[in-house]
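You will see chain A twice below: alongside chain B first, and alongside chain C after that.
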Partner chain A sequence: MKILRDLLRYNREFLAGVVLLGIILTMIGLSLFSPFDERTIFAVPPDMPPSLDHWFGTTSRGQDVFWQLTAALRNTLAFGILVAVISRLIALVVGLTSGYLGGKVDQAIMAANDTIGALPHIPILLLVYFVMRDQMSWVVLALVAALLGWSHDSRLIRSVALGLRTREFTRHAVFSGMRTLQILVREHLPYVVPILFFTAMNNLIWAIGLEVTLSILGFSDINRPSVGGMIYWANSHSAMVSGIWWWIAFPMVFVVILFLGLFMLAMSINEYIDPRSRLARMGA
Partner chain B sequence: MPALTIDRLKAYYVNEHFGLKREVRAVDDISLVVRRNEIYGLAGESSSGKTSLIKTLAGAIRPPMRVIDGSVRFNFGGESVDVYRQPDRMRQARWRHLSYIMQGSMNVLNPVRRVKHSFRDFAFRHMDPNRDFQDRVVEHLRRLQLAPGVLEAYPHQLSGGMRQRLTIALATICEPEFIVADEPTTALDVLVQQDVLALIKEVQRRLRSSVVFVTHDMSVHAAITDRLGVMYAGRLVEEGPTARIFAEPQHPYTAHLIASLPRIGDARIRRSLPGKPPALSDPPSGCRFHPRCPLAIARCIKEVPEMLPSATGGRVACHRAGEAEVT
Partner chain C sequence: MNVFINYAARRFAQLVFVIVAGVTLAFVIAHLSPVDPVEQSLSLMTGFSASDPRAIDSLRQSLSELYGVHGNIFDQYLIFWRRVMTGDFGPSLSAFPTPVMTIILRTMPWTFGLLVLSTIFAWIAGNTLGALAGYFRDSRILKAIGMGVMALQPIPTYIVGLALVILLGYLWPILPISGGAQVNLAPALDWTYVRSVLVHGTLPALTLVLVGLGGWFISMRSLVSNIVTDDHVIYAELAGVRPRIIFSQYVARNAMLPQVTGLALNLGHVFSGAVIVEFIFGYPGMGRLLITAIYAGDYSLVLGVATIAIISVATAMFVIDILYPLIDPRVKLG
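The block that comes next holds the complex of A and B.
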């Protein structure tokens, strides 16, 4: 708690990140009180510019942009968090085991790891989308994205685990008869938790970017509001040409706020965890 | 029955790279016995195989090191356990009967976990589950003059001497019959060193356990060990009661080790022995010490000297045993 207070007071990036994410979280909180069902179209008069009744205007499909956006941010962030959590778990398990076991096992795991890292993500997700078609839900999409998004961070965790396996306390643990799983969970896991946290932020940004990209292209459940999905509908109704700028502008502004907030937070947390990056920025 | 019997033990580092096989004979044909309730010292310069020997005897070796020949047998509470033929029995005996104070043992405690967690991780499953673990740890620490408060600390919050004492506490909490100590005092300054030595001695007396104590520091050996084994290039060259060895070393190498010790009031410059210890992948023929030995004769180059009873009540492997003098 004291750490949080100090970070807020002395770290401007952290403060900015917290404020920006606060805006997003408020929006998401408001989605619970939405007067409209998020999937209903023509609930309000279409194509209304921003006014006191409809703060961010309404879409050509008769939806209120503000309330749509609250639901869209919620869905997009949920997708990102789900991807980040699943891919963190995979990265953790793979990185720790590979680094600790070493030798041939490590080589085999890392070969698979690098293969997955080299795969292009978007074509694969599109392929999965076309194969799954109607069964495709955002959870499945998140699962596939998570299966693609862990390989870089598992290498990071492995590099730490490789260093830990030859440390005295690991040898001591082995000698005292601790089983491999116990060593990994009790002795090595605490070491990599900070890495988990800051890679989670980066992974979240990546996953949201992925979701927005896919939705803009229409490769998702298009009736379920998401930030990319809103832009997809706006494009398909030629919103820019017909002057309905608010339909595109507000989702874009908020996705930028979300990205900036996460980035600031990731940066400041990284700086807090790894003092060397602070020195690097000071020019050392 | 002695606490530990090592019989003609050979353990080599075997490396095969691109078809080129290399053997590093770190432990070469060593036989020795450690009795109950004694501190057995192992001396020798760096790369003489001390650490390799005790790793082998504790069953803590990892590839590329391999036991080629010979056996290591412990006697735990009257039961004989062969380290390499009964690995399951050995696994159970670890920590309970056999504990290990490792080289650089300052780093034995995991820096991101509290000390009490290290105790729990390492020792809990080896102890009687009926007694309260926390109470026993606190009681044990108090006997070693450590405040129970250190259990809540992280290792970096403690001084080097405290950490060293904690690792000794950790190694002795299960009251083992056999303790292997690999240079536990090397990284410490003299005052803390003295403290730690007294602690090890005290624990050993109370538990009546056997200790194998490794260090290159002859003055530490003089202070703590009952019997002393001197290693050179992977072999044991001399063994005997510590006091007698210091008084009349039989092997020229031992004589040199003892001569290198500074004495109060003696202002002479100590001569160092010319040369370096040999590469253990390609050791010299005959007696491995002959290239550096001032007493070497033609026989030393051809014949490997055997370990034979010596005049000091121990054993020595030298063709000219007893002729060396401490200068």
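The block that comes next holds the complex of A and C.
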């Protein structure tokens, strides 16, 4: 708690990140009270500019932009969190095992790790979408994204685990008869938790970016509202050309808010974890 | 020299490994899917008309031959490898009967040119700004630039591109927002054509540079601010070496090394960005080809582009890794 208060007081990035994400979370909270079903089209008169009745206007498909946006932000964030959680688990298992075992096994695992890191994501995801077509749901997409997005972070975790491996307490644990799994979970895991949090933020940014991009192209379940999906529909109705700017502008503004908020938060967490930059901030 | 050959051989083995893994992955995705490409193409082709069942049967036969999906899964895998090796992905369905490889080769120079230019530009600009910001930590101007550059970096490529289209295409139309060159111009090596290509490439390249700058900026700045406090830099300062020399030879040169490795690691990411940018600006490269092929349901074209993309990215990484010893003598000496 004290940490949080100090961060809010002394770290401007943290404050900005909290405020920006606060806006997003408020929107997501509001999605619970939406008067419209998120998948229904032509629930309201189409093409209305922003007014008191419809704060952000309405779309050509007869949806209220504000309430669509609340549902879209919720779905988009849910996707990002699912990807981050799954890929964190993979990175953790791979990184800790590889670092603890060391030697030839470590080399083999890291070779495989680097191979996955070297593959370009978008072509692979597009290929997956292409062959799945209508069977593609956001959960499948999240799963594939998670399988692609862990390799960089498992290397980070592994480098820490590699250092823990030769430490005194690990040897004690081995001699006192702890099983490997126990050592990894009870002794080594606490050391990598900070990295886990920091990489989770970066991974979240990456995953949400992926979701926004793919759904803008229409390569997802387009009837489930998402921020990218809204822009997809706006593009397919040529909203820019026909002057329905609010249909594109508001989703874009909120995408920017979401990403800046996450980025600020990630940066301040990184700074908090890395003591060198904290010293630099204090003027040492 | 021996050490270098050793290094290059190890990198080459890695390249082969990545390509094998990538091609296998593309194969697995394409063949373990619940959707049968033959049936899918069949329904695309015969969807709007009633056809003779016998004709459909023979069509099905020739399609499965075309896609290499007859025989057991192992045979199919071998067939797929033979196709990758010979660069023969069969004819494209949406541009029948042009071979897939011909279409890919036509789009490749566009993607290659766009990517190489914008990546180099983003890398140089980001690293220069980052190094300056790390060295002159109190400069207000550099701080302001840094804020702007870093704020752009997390935003998805598409959003930045779309914003540029709206700003420089609609509100203040000074740049063309679509295509690779003027439509009625024949490709030739004269100034009008080259200029048209450059002008059309400005917005896509600008998008890629704006998105790419921030990453280089952040890592370069933190690298430099660590090196600045190193003993050899302090010694050089005390010895009265001119600041410009300290900056370029003592600080920036050392900080550059991890950034070159970073460039190789980042290529896959950069390529993904290019796919999106090409789509926004209707740029005639591989990315747009991939997306339009998906919209058209062109199985052989999608598989071909995805495979070639994986192989090209891996090869480009290899090339950068091979060039690395040129700037870092330690690798050469071992």
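As a working rule, the second predicted complex is superposed on the first by the 276 of 284 C-alpha atoms of A that agree within 3 Å, B and C clash if a C-alpha of one lies under 4 Å from a C-alpha of the other, contacts with A are read in each partner's own complex, and residues count from 1 in each chain.
As a working rule, a contact is a pair of C-beta atoms (placed from the backbone, for glycine too) under 8 Å apart; a residue touches a chain by one contact, two chains touch by 3 or more.
In this text, all values refer to a predicted model and were calculated from it rather than measured experimentally.
> Will chain C clash with chain B on chain A after the two structures are superposed, or do they fit?
fit
> Residues of chain A touched by chain B versus by chain C: which partner has the larger set?
C
> Would you sort A:Thr213 into first (chain B), second (chain C), both or neither based on which partner it touches?
second
> A:Arg171 contacts which: chain B (first), chain C (second), both, neither?
first
> Figure out whether A:Leu32 sits in contact with chain B (first) or chain C (second), or with both, or with neither.
The answer is neither, since A:Leu32 touches no partner chain.
> After the superposition on A, what does A:Tyr191 contact: first (chain B), second (chain C), both or neither?
In the superposed model, A:Tyr191 contacts chain B only, not chain C.
> When the two structures are overlaid on chain A, which partner does A:Gln182 contact: first (chain B), second (chain C), both, or neither?
first
> How far apart, in whole Å, are the nearest Cα atoms of chain B and chain C in the superposition?
14
> Over in the complex, which chain A residues touch chain C? Could you list them?
Chain A reaches chain C through residues 111, 114-124, 126-133, 135, 152, 205, 209, 212-213, 216-217, 219, 228, 231, 240, 248, 252, 255-256, 259-260, 262-263, 267, 276-277, 280.
> Considering the complex alone, what residue numbers of chain B touch chain A?
Of all residues in chain B, those touching chain A are 58, 60, 91-92, 94-95, 100, 102, 104-105, 107-113, 117-118, 121-123, 125-126.
> Along chain C, where are the residues that touch chain A in the complex?
Residues 14, 17-18, 21-22, 25-26, 29-30, 33-35, 37, 40, 150-151, 153-159, 162-163, 166, 170, 222, 225-226, 265, 267-269, 271-272, 275-276, 279, 287, 290-291, 294, 299, 302-303, 305-306, 309-310, 313-314, 317.
> Residues of chain A touching chain B in their complex?
Interface residues on the chain A side: 167-169, 171-178, 182, 186-187, 190-191.
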